[in-house]
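Chain naming follows the written order as A, B, C and D, and within any one chain the residues start at number 1.
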Amino acid sequence: MFEFIGKNIKRIDAKDKVEGKAIYPQDIYIEGMLYGFTVRSKFPHAFIKVDVSEAEKVDGVVKVFTYKDVPGKNHHGVVLKDHEVFISKKVKRIGDPIAFVVAKSKEIAEYAASLVKVEYDILPAVFDPEEAMRENSPKVHDKDNVFYHFKIRKGDVEKAFKECDVIVENVYKVPMVDHAFLQPEAGVSYIDEDGKIVVIASTQYPHFDQEEIAQALGVSKDLVKVLTPAVGGAFGGREDITLQIHLAIAAFTLKRPVKAVYSREESFIAHSKRHAMKMYYKTGATKDGKLLALEAKIIGDSGAYASWSMNVLRKAAVHATGPYVVENVKIDSFAVYTNNPFTGAMRGFGATQVPIAYEQQMDILARKLGLSPIEIRLKNCFKEGSETATGQILEKVALEKCIEELKRF
Amino acid sequence: MNLKACYRPLTLKEALDYLEEYKDKSKIIAGGTDLIIKLRKGNINPQVLIDISFINELKGVLEVGEYMEIGCGTTFYDLASCILLNERLKGLKDAARSVGSPQIRNRGTIGGNICNASPAADSVVPLLALDSILTLESKKGKRKIYLKDFFKDKGKTDIRDDEILTTIKFKTPTKNQGLGFYKLGLRKSLAISRISFSVFLEIDDINRIEIIRVASGSVGKFPMREYKIENYLTGRILDEDTLNTALEILEKDIYERLNGRNTARFKSIAAKGVFKKALLKALCLAKGGGKIED
Amino acid sequence: MYRRIKKVLGGDILKKRGKGIGVTFYGTGYGNGFPDVSRAYARLLEDGKVEILVGATEVGQGAKTVMVQIASETLNIPIEDVILVNEDTSKAPDAGTAAASRQTYNSGNAVKIACENLKDNILQEAKKILNVNSKIGLVCEKGSVYVKTYPSKKVSFKEIANINNNLKGEGVFIAHTTQMDENGQGAPYWPYTFAACAVEVEVDTETGEVTILRAKLVLDVGKAVNPTLVEGQIDGGFAMGVGYALMEDVGLKDGKMLNSSFEKYIIPTSLDIPNIEKVLIEYPEDTAPYGAKGIGEPVLLPVAPAILNAIYDAIGVRFYEIPVTCEKILLQLNKG
Amino acid sequence: MKIELNVNGKDYSIEIEEHLRLIDLLRDKLNLTGTKEGCGEGECGACTVIMDGRIVNSCLVMAFQAHKSKIITIEGVEDEDIKNAFIEEGAVQCGFCTPGMILAAKSLLDKNENPSEQDIREAISGNLCRCTGYNKIVSAIKKAAEIKRGGRNV
């Protein structure tokens, strides 16, 4: 028996939260701090030229940062370093950060941002991943837009489909959606008494941010300290860097505290999205309802940057059969660059999209076979010792129990 | 934002003085639930705000003879909970209750909803079905205008820049009459109307429609009366065939109105369902002695 | 007559009800052999309390509370005696990201190991202080160590800390997964968490409106560290699933998001969500801290498909594209 | 311009800029940062405060409009029953919507000591929450009402 495990211990952060005392980054005010506002791309694909001179003349503007002002590496990214801190030559999506205006007040910063001149030399853009897969499509990163292809091959699907009594084939589509956490991104950066660059931000992974900030500043990791006060929801949307590096560069360069708070709209534009996917599914079963073969092609729209796309499309493929034993499986998943908003982690991470397909396939099959939705699932579901599509042997599987529970609904 | 001054007049006279002085340089603010968003987005850029939310004479509901008169500064919350408005006016209360959220209903006013002239203005639709009359006042005097004639285009009304909408009035429904409202939103609260209908109905003992006024929201540039269906139904006995013909008329009319827009087909179909629900409510109120038996 | 008109006008007969289920699984962690490492330190403080340093972010999911419960359990000390430090990269060690439903499992394991190591060091010190010949007969309870067969022979954590102020424990946990081969064969994730969901919906065939009438969600949790927190995840995941199935889409047009505000990007409100019957199936996972698996993402996965299957059951229309808005429903019902 | 108002029982006479909203006044000038800004357009309710007895979105009230008003923010909520119920029922996750939720709950319970579940859901229907799915917030408010009634059913 446990003393503390399994007990409804009151959340230890709840008291501060119900009293309004929990501190989120936007709640931090430091005497003499400056405010930053981000200038973002208005076009999805274009070469740019930036002129900040008018903005810098505005009374109260301290400095306008562009790629030229990045002390270290002008890049970041959770897997591939394909994001630029500030765009140097080419914007690849609407919302790409171009400049960061730092001023004495947020109103001045926002006003001056409107005076940053960006000249766009518009390029042909691509928004549909399947179009982006074609050879002659516009290239988002000057290379093949398909940057990840993951395969699962198990058994012999061609042969198995011939043995199926029922085959169901459909195409499913899911859109990009947003985490819509309630707290828009906000952060404060300053240099502390030990000379460390402190970044206070709502993030899911402070140690990774620390590394990325240090790289962009060109300093050792130990010189950067990331503090994570209360975080107002994340759901994967705070995996990628948004304002952390901008703030750190500004504070590091100006030696003054700098704060930035995104509006809801900027929050939508700045962070990743859940992958839109197109899922081609073909599922076959015998007349007694046993799944024999499954073939799926899953195309994920990565948008302008890779973020976690490889991992997301891999997870989608691994979960593409659903929690069912299928001996013959052929799955291909692709991550494709487009000039759409970039997609990354969001609750479920690829395993959220595929059930829209595989669970509807199960119901369609059940109906054709005259089985109830519960029956067909119990017949095929993973059990102790089952083998997954990747050949993994499962132990400790409580799935049957879960499904049985649904009989009492 | 380019605001130079904000005023809080306590009387209508005072407010009209400010308005006379600043005219198009100023904007009237009451609840502010729409105006502040426009201000911050830069859609409007007044130098002066005249806040009429402190003027008591513009708030509340009055019974004046056979009319009900609503002050433009009456909030949706006050409207929804007003005991002077009888059950036959449930459609108006339902509309007020369907606006935004409790927070919005506590601030937003009926006058603001009308003057914004948004196609999706929830409370305007039942007021149209009630054939309401607006009173507009300026330093020069008062004038009256039917609500149905008030809207000129999306976001545009007949109000002059020295005028304030002061009251909205309509005849109190009586025996055999009822007002229904239904709104189709994308969720059950904080919903912007995809489409809404209100029906004012007077029906006699043999189900002959004596009077019917139908108004719609979100199927045109502004909330409007649906005359075609009104004309068809007036004087007819409400039975299955009549209803089906009426629905066909409505569907066709709305489809033509929205032709070219990608929502045309959806809205013309949805309009039938939403109209029927509003009609059913109006019918229940008219027939059920002012009560809806849910 | 009146009644017949009412019937013509519809009402409840035009509302169709249907039930649907969704069953899903989810593999925890980065996976595919990627070094998925969580680190934690435990330290005995001067006042006898224990400091846990772990860089697991509290994003609202309850990581702080869960880490403290695991530490309390392992050291058998009250919740108040655990001081958690997770907000500062210069103090707390890297515990990986607060994602992939990995904190309870991965960092929970790291905290548990750190506390076990600290406990071992505390017992070692207590052995000396109490002058006994082995740690074996010693019991850790409520911030003290005593001899099981002779309980009055006892020393508190505070007294131990005053004698040795350098008692620590480190915990490192690396999730075991393999990299898959060119045929996608291997053991890419561990553990897997299962979930099953049933919903009943009502579809208004005249307006296309969908109402979720009731729902049930069954979750394989391994062991619930804190059932209230698990239930909170279920409720939240359910709501997100409702949004995914029925409402949400950023609305892309030529790379531009049309729905980049809360006015246009619609998420469920309190009136869109029913109460949910929740069933937690406890079947402890051997490699997990006290058997507890990650559940933050698994709770979401079966919800949207269950709703889609319920809509089909209600109106006989299959939707291959989400979100299933009133518009899509009406157009499908009026096809041809 | 100058306005006078009472916030959490304290009188203020304060010089403000015309363009200031009530939320800016509370957060930037009075340091009452418990009031959160989630969207700036009245769609999320995170900025909810009680103004003269009714909940409003403080992002949709101009500061000058709050002249002579009585404002209660989360810092001024003395009602421990509601706060405790939120903690005990698990109604708090990320916490960003929590202050607004508590003010909506307080406003409801101030008027209705025995609200139905529907009343409660209506009362918080202007407050978005992305974490909790609302159910535990609803049960917390139900529980707070019970405690206030001393377990009585009215």
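Things worth noting here:
One rule holds for everything that comes next: a contact is a pair of C-beta atoms (placed from the backbone, for glycine too) under 8 Å apart; a residue touches a chain by one contact, two chains touch by 3 or more.
Predicted model, so just to flag it, every value in this text is computed and none were measured.
Common neighbours of chain B and chain C, listed by label, are D. Top contact pair of chains, counted by C-beta pairs, is A-C.
Placing every chain at the mean of its C-alpha atoms, the farthest one from chain B is found to be C.
One finds 28 Å separating the Cα centroids of chain C and chain D. The centroid of the Cα atoms in chain A and the matching centroid in chain C are 19 Å apart. In this assembly, the C-alpha centroid of chain A lies 32 Å from the C-alpha centroid of chain D. Shared interface positions of chain B, i.e. residues touching 2 or more other chains, are given as 188-190. Touching of two or more other chains is recorded for residues 59-60, 62, 228-229, 237, 240, 261-263, 267-271 of chain C.
In chain A, the residues touching two or more other chains are 8, 10-11, 13, 180, 230-235, 264. Inter-chain contacts, as defined above, occur between A-C, A-D, B-C, B-D, C-D. By the touch criterion given at the top, residues 59-62, 228-229, 231-232, 234-240, 261-263, 267-271, 273, 275-276 of chain C touch chain D in their complex. Residues 184, 186-190, 192, 194, 206-207, 238-240, 243, 263, 265-266, 269-270, 272-274, 276-277, 279-280, 283-284, 287 of chain B touch chain C in their complex.
Touching chain B in their complex are the following residues of chain D: 1, 18-19, 21, 40-43, 45, 48, 51, 54-57, 59-62, 64-65, 67, 104, 122-123, 125-128. Residues of chain D touching chain C in their complex: 38-39, 41, 43-44, 89-90, 93-95, 120-122, 124-125, 127-138.
Residues 19-27, 30-32, 55, 57-60, 62, 64-65, 68-70, 72-73, 76, 79, 84, 86-90, 94-100, 180, 182-189, 191-192, 194-198, 200, 216, 218-220, 223-229, 237, 240, 243-244, 248-250, 252, 254-257, 259-262, 265, 267, 277, 279, 281, 283, 285-286, 290, 292, 296-297, 300-302, 304-306, 308-309, 312, 318, 320-323 of chain C are the ones touching chain A in the complex.
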